[in-house]
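Input: structures, listed below.
Look for chain A in each of the two complexes below; its partner is chain B in the first and chain C in the second.
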Partner chain A sequence: MELFLQTLLNGLLQSGIYALVASGLALAVGVVGIVNFAHGEFLMIGAFLAWALSAYLGVDPLISLPFAALAVFGVGALTYRVSIRHVLLAPELNQMLLTFGLGILLQNVALMWLGGNTRTVTTPYQGSSLSLGDLSVGGPKAVAFGFAVAILAGLYAVLYRTTLGRQMRAVAQNRRGSQLIGIDVDRVYLIAFAVSCALAAVAGVLVAVLLFASPTVGLVFALKAFAIIVMAGLGNLTGVLWASVVLGVSEALVQTYVPGGGGWSDAVFFLLIFATLVFRSFRGAR
Partner chain B sequence: MTREMGSRAREAARTVTRRPDFTARSLVPLGLFFGLALAFPFLPLGDRAEYLLQIAFFTLVAGVLALSWDILARSGQVSLAHAAFYGLGAYGFALLSKAMPWFLAMPLAAVLAGLISLILGAVTMRLSGMYFAIATLAFTEVVRTVIQNLPEPVAGGANGLLVPALLGGNARGQYFLAFGVLLFTALVSLAIRRSRLHHAFAAIRQGEETARVLGVSVVRYKLLAFFISSSLAALGGVLYAGKTFFINPLETFSLANSIAPLTTSIFGGLYTTLGPILGATVLRVAEELLHNSVKNGYLVVYGLVLMLSILWLPRGLMGLFKKGKQGGDL
Partner chain C sequence: MKKMLLTGVLLALSGAGAVKVGVLLPLTGAGSVSGQAARSGYLLALDEINRAGGVLGKPLEVEFADDGSSPAKAVPEFVKLVTVEKVDFMAGGVSSATSIAISGPAKQYNTFMAWIGAAAVPVEDAFADHPYFFHYHPWSYYNFEAILGYFKTLKTQKKAKNIAIAYEDGPFGSAGIADTVAAFKKAGFNVVMTEKFKTGSGNFGPIVSKAKAAKPDIFYWVGYDTDALPLATEIKQQNLQLGLLYGTPPSWPVGFEKNKLSDNVAGLSLWLPASPQAESRKFVAAYKKKFGTVTEEYFAPLAYVNLKTLAAAINKAGSTDKDKVAAELARTNTPTPFGPLTFSKSNKTQYQGFKAGNWLHFQFLGDDRVPVFPIRFAQKPMVWGK
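Right, the complex of A and B next:
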């Protein structure tokens, strides 16, 4: 029973990061209508920024978090201006393949520049742990979860309480209608896309603390984020939260209860995608 | 939006009213390519002959992969799972050739990969666009995870497998085998272009509902495209495994093997036979030139080419040659 509760807790903590990555992706899909295959690479940039600031300037990753977010917000805005904006009216596949190309480009620039090695960030609290009754939680994991929850709460507050958030939701619902009532759609797109990238970067900083930074670290998280937004329904922001918990907890269960589960847990997200897609397609939805 | 629909309707109309521009003349460049490829090993290549022949070999394999990817794309299924079938061909060949001679193991590995692709095809049947891409991307990752986690005596685990060298390691023989496979792939592609399949695939690509109304049995043709494409990709995997005589999951199922055929086809010219082959030649040679100066991250080129093609060259290289003809509605 204790093992079971511990497993649930681990899964829940893991899902914080998943939700952060996936809600960024869902924002891009929902508002801008772009499935960003380069999302994981923005996460990777965030992870490397955290590593670089910590290794060269001795800045704690959690302090460099807002800077990484701001920097990648800029990168995202630039990306939107230079590329995404020009394919908004193109067929869906062109958009998809464009971001896919961007992802490959970014990943391999990092590989060329920094090599394929993983870089770890050392923090004083890395080895610490908290205990809740009989259960114990790694310090960084708990901190990362706390940050994830706080940032997500901020995101939802912006979306549901501010004018900008209302504009974003309006654009998500009806592009043309929003334009008619005087919303600057292009500006909303730019901000939504850049915020989406910044969210990935924030997740990247946390990933650098929990795991490591490497050129390919983004792909795994991007794939899992895809699984989550597919489960939630493309562009559905609230669905992302419970879908992340489902993914996190089922991975933890596989890790604990399936023999040799460490390797197999990487396949869980795929089963969830398939189960969801097949279920949906047989129910008749697209 | 409307502009796109207009062009689709126009193309659909063109497909119906005009016979495909498939004349003896259009075969000349293709014939030229294969003539050159056939003569290549006999050219006086100097002391770097062995190295050049190896590059040429992998160019042919890249052509097989790209063209087989294109065949699937013709039915509207833009797959990110090509690495899976390439890898399944390589692994199938490695395991089968323990029990039988290579000329049996090769086609059998291809058929097996084709059959497995039917499973993926059946599940992703009703998915379109990005859902399809996401599902196929994930499929590759899972095939790799499964192979990696199978007990080591079965498939070598994460460490990989030794593969008997094709034709006892005779470089020239291997080159001609690859040449044969690419020629076969090109013939399959041309046969599809000539047959009813071409129209069925185009109709499905341009609108599944409409195709169904026109009496195209969508399920059957989509699966057929999957089977043909994946079997051919598996043949490419066999060539790769038999040439390098060592395979491991990480490299064989690498995302790069899905990216390369996709980029190559788009760069070369979608829905054509010559385009992907041409694209493979250009990109592969560029890659080799770059390999000498950059060790890591040569895929940068593929990413850049993919982005630039989509932004400025949506019909690929083929679009440079013939303006205003069909092909290229991604």
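Right, the complex of A and C next:
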């Protein structure tokens, strides 16, 4: 029973990181309508910023978090201006090719500039944990989970309680109609895309604390984030947390109770995507 | 006469006729930590060789190529070095996957290969019948032999009995895992857990929970540098009580030794800057003089030894004739930072350099990697966690 409860807890804590990565991606898909295959690379930039500030200036990653978010917000805005806005009316395949290429470019620039080395961040709280009887809750993962909940709640509040949020929802529903009523669609897209990148950076900072920074660190999490937004329904922010929990707990259960389950963790999320899509199509047909 | 003299001088100045060694390394990509370290080792050796008069009376030339840690890139780079650059000898080679990929062209062109890495047994199979393949790095079964020897000592001295194994599910971790488990059992250990994981996922929560239930004395993991910190973090967070956490990644994350979570984590290395051999001290001093730092990566001294011994064999052979150079290299008996180097048969290849006895076991103690076994090289007593 103790192993089962710890497994559930492991899955729940892991889902916090997944939700953090997926929330930004869900915003880009939901508002801008673009599947950003470079999302993992914006996460990587956040991770490296946290590492660099920690290694060279001794800044704790949690303190560097707002700076990393702001910096990557700027990178995201620039990326939107230079590239994304030019393909928004292009076929989806062109959009995907652009973001995919952007991801490869960023990854290779990082490889050439920083090399393939894995970098780690050192903090006094990395190994901290809270004991609940015989169960243990990892401190940084619990913080990541808390961040995910707070960010998703904040995003929800912005979308449903502010003028900018209403504009975002309007633009997401009908781009041309929004233009007709005087919304600066381009500005809204820029903000949404840049915020999406900033959220990836926030996830990157926490990933640097929990795991490591490397040019390829974003790939694993971007794939999981895609699975989550498909499960949640494209653009559905509120579903992101639940989908993340389903993915995290499913992986933990498979890893613990299926023989050789550690090798199946990638298969778990593909299976969940498959099951979700089949279920959706079945429900749609009725 | 003057014309002939002038031609001779121009020929010498142009470097025509100089011995060329092609070096294929992963300078970018996943294996770049080892590849870059090896490149530094080659550059240091090249300096020393040319300062001492070069090879066959001329400066030695080295042509580097980057295999990008990818077999698909390694093959054209290898072929280019052999056919376009027309190198006399090939050196380098870190990754097993890239070495397998180039085994075809290596045999096709009957290339002389002084190879520093590629420890996987499939590489040994691929080059088993190649007459000019000199392998410096121990094969993986020698690595395991060293690990098993150390663990047997822990069994005797620390009453270590239960081993939990976590291995990455790619070829590096998975190949031979059944043999590993069988060998541990044969040596009298209880293998209480054998779990695979996705390298780089950082998701060690469930594996550590399972290990906690299995109560191991030693947690043995076979993975990459990306797995080191997440695993150590999870073990600490779940308060898994271990005698020893022992890993065998090809390289460790940059700055891992400065992280408190690395304390007492143990691993395997062919060499450490603190190695006591005189040749090692000489290498460290020369390296520091050239690069201003000290490397922790054993691929640097391995590449250094590789080029120095190859150059010595060419000089002794008096020509670049492959058979003569192979005969001289086969007779190598020289002190190195790893101990004496001689070549003898391995399970399948003719010329194998370092073997199980060259491995050192170290622990991260304080902010350093400190040799703890074999006892004759130990600089501090090993810290056993139970």
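Basically, the second predicted complex is superposed on the first by the 277 of 286 C-alpha atoms of A that agree within 3 Å, B and C clash if a C-alpha of one lies under 4 Å from a C-alpha of the other, contacts with A are read in each partner's own complex, and residues count from 1 in each chain.
Assume contacts are C-beta pairs under 8 Å (C-beta built on N, C-alpha and C of every residue); 3 or more make two chains touch, one makes a residue touch a chain.
The structure displayed is predicted, hence computed values, not measured ones.
Based on the superposition on chain A, does the combination of chain B and chain C result in a clash or a fit?
By the criteria stated at the top, chain C and chain B clash after superposition.
Give one of first, second, both or neither to describe whether A:Ala227 is in contact with chain B, with chain C, with both, or with none.
first
Does the superposition put A:Gln179 against chain B (first), chain C (second), both, or neither?
neither
Quick one: classify A:Asn236 as touching chain B (first), chain C (second), both or neither.
A:Asn236 contacts neither chain B nor chain C.
With both complexes overlaid on chain A, does A:Met112 touch chain B (first), chain C (second), both or neither?
After superposition on chain A, A:Met112 lies in contact with both partners, chain B and chain C.
With both complexes superposed on chain A, which partner does A:Gln6 reach: first (chain B), second (chain C), both or neither?
Second partner only, chain C.
In the superposed arrangement, which partner chain does A:Gly263 touch: chain B (first), chain C (second), both, or neither?
In the superposed model, A:Gly263 contacts both chain B and chain C.
Now for A:Ile273: first (chain B), second (chain C), both, or neither, which partner does it touch?
A:Ile273 sits against chain B, while chain C stays out of touch.
Let me test your reading of the model: by the given contact rule, A:Glu251 touches which partner, first (chain B), second (chain C), both or neither?
In the superposition, A:Glu251 contacts chain C only.
Taking the stated contact definition, name every residue in chain A that is touched by chain B in one complex and by chain C in the other, in rising order.
111-112, 115-116, 260, 263, 266
Note which residues of chain C are touching chain A in the complex, please.
The touching residues are 28-33, 36, 69, 166, 169, 195-198, 200-203, 205-207, 209-210, 212-213, 224-226, 228-230, 232-234, 236-239, 251, 253-256, 258-261.
Sort out for me which residues of chain B touch chain A in the complex.
Residues 1, 3-4, 78, 123-131, 133-135, 137-139, 141-142, 145-146, 148-149, 255, 259, 262-263, 266, 294, 296-300, 302-307, 310-311, 314, 329-330 of chain B touch chain A in their complex.
For the complex, which residues does chain A have touching chain C?
Counting only chain A, the residues touching chain C are 2-3, 6-7, 10-11, 13-14, 55, 111-112, 115-120, 122, 124, 126-129, 131, 136, 138-141, 207, 210-212, 214, 216-217, 220, 251-252, 255-256, 260-263, 265-266.
Would you pull the chain A residues touching chain B in the complex into a rising list?
Result: residues 35, 83, 86-87, 89-94, 96-98, 100-113, 115-116, 215, 219, 223, 226-227, 230, 234, 260, 263-264, 266-267, 269-270, 273-274, 277-278, 281, 286 of chain A touch chain B.
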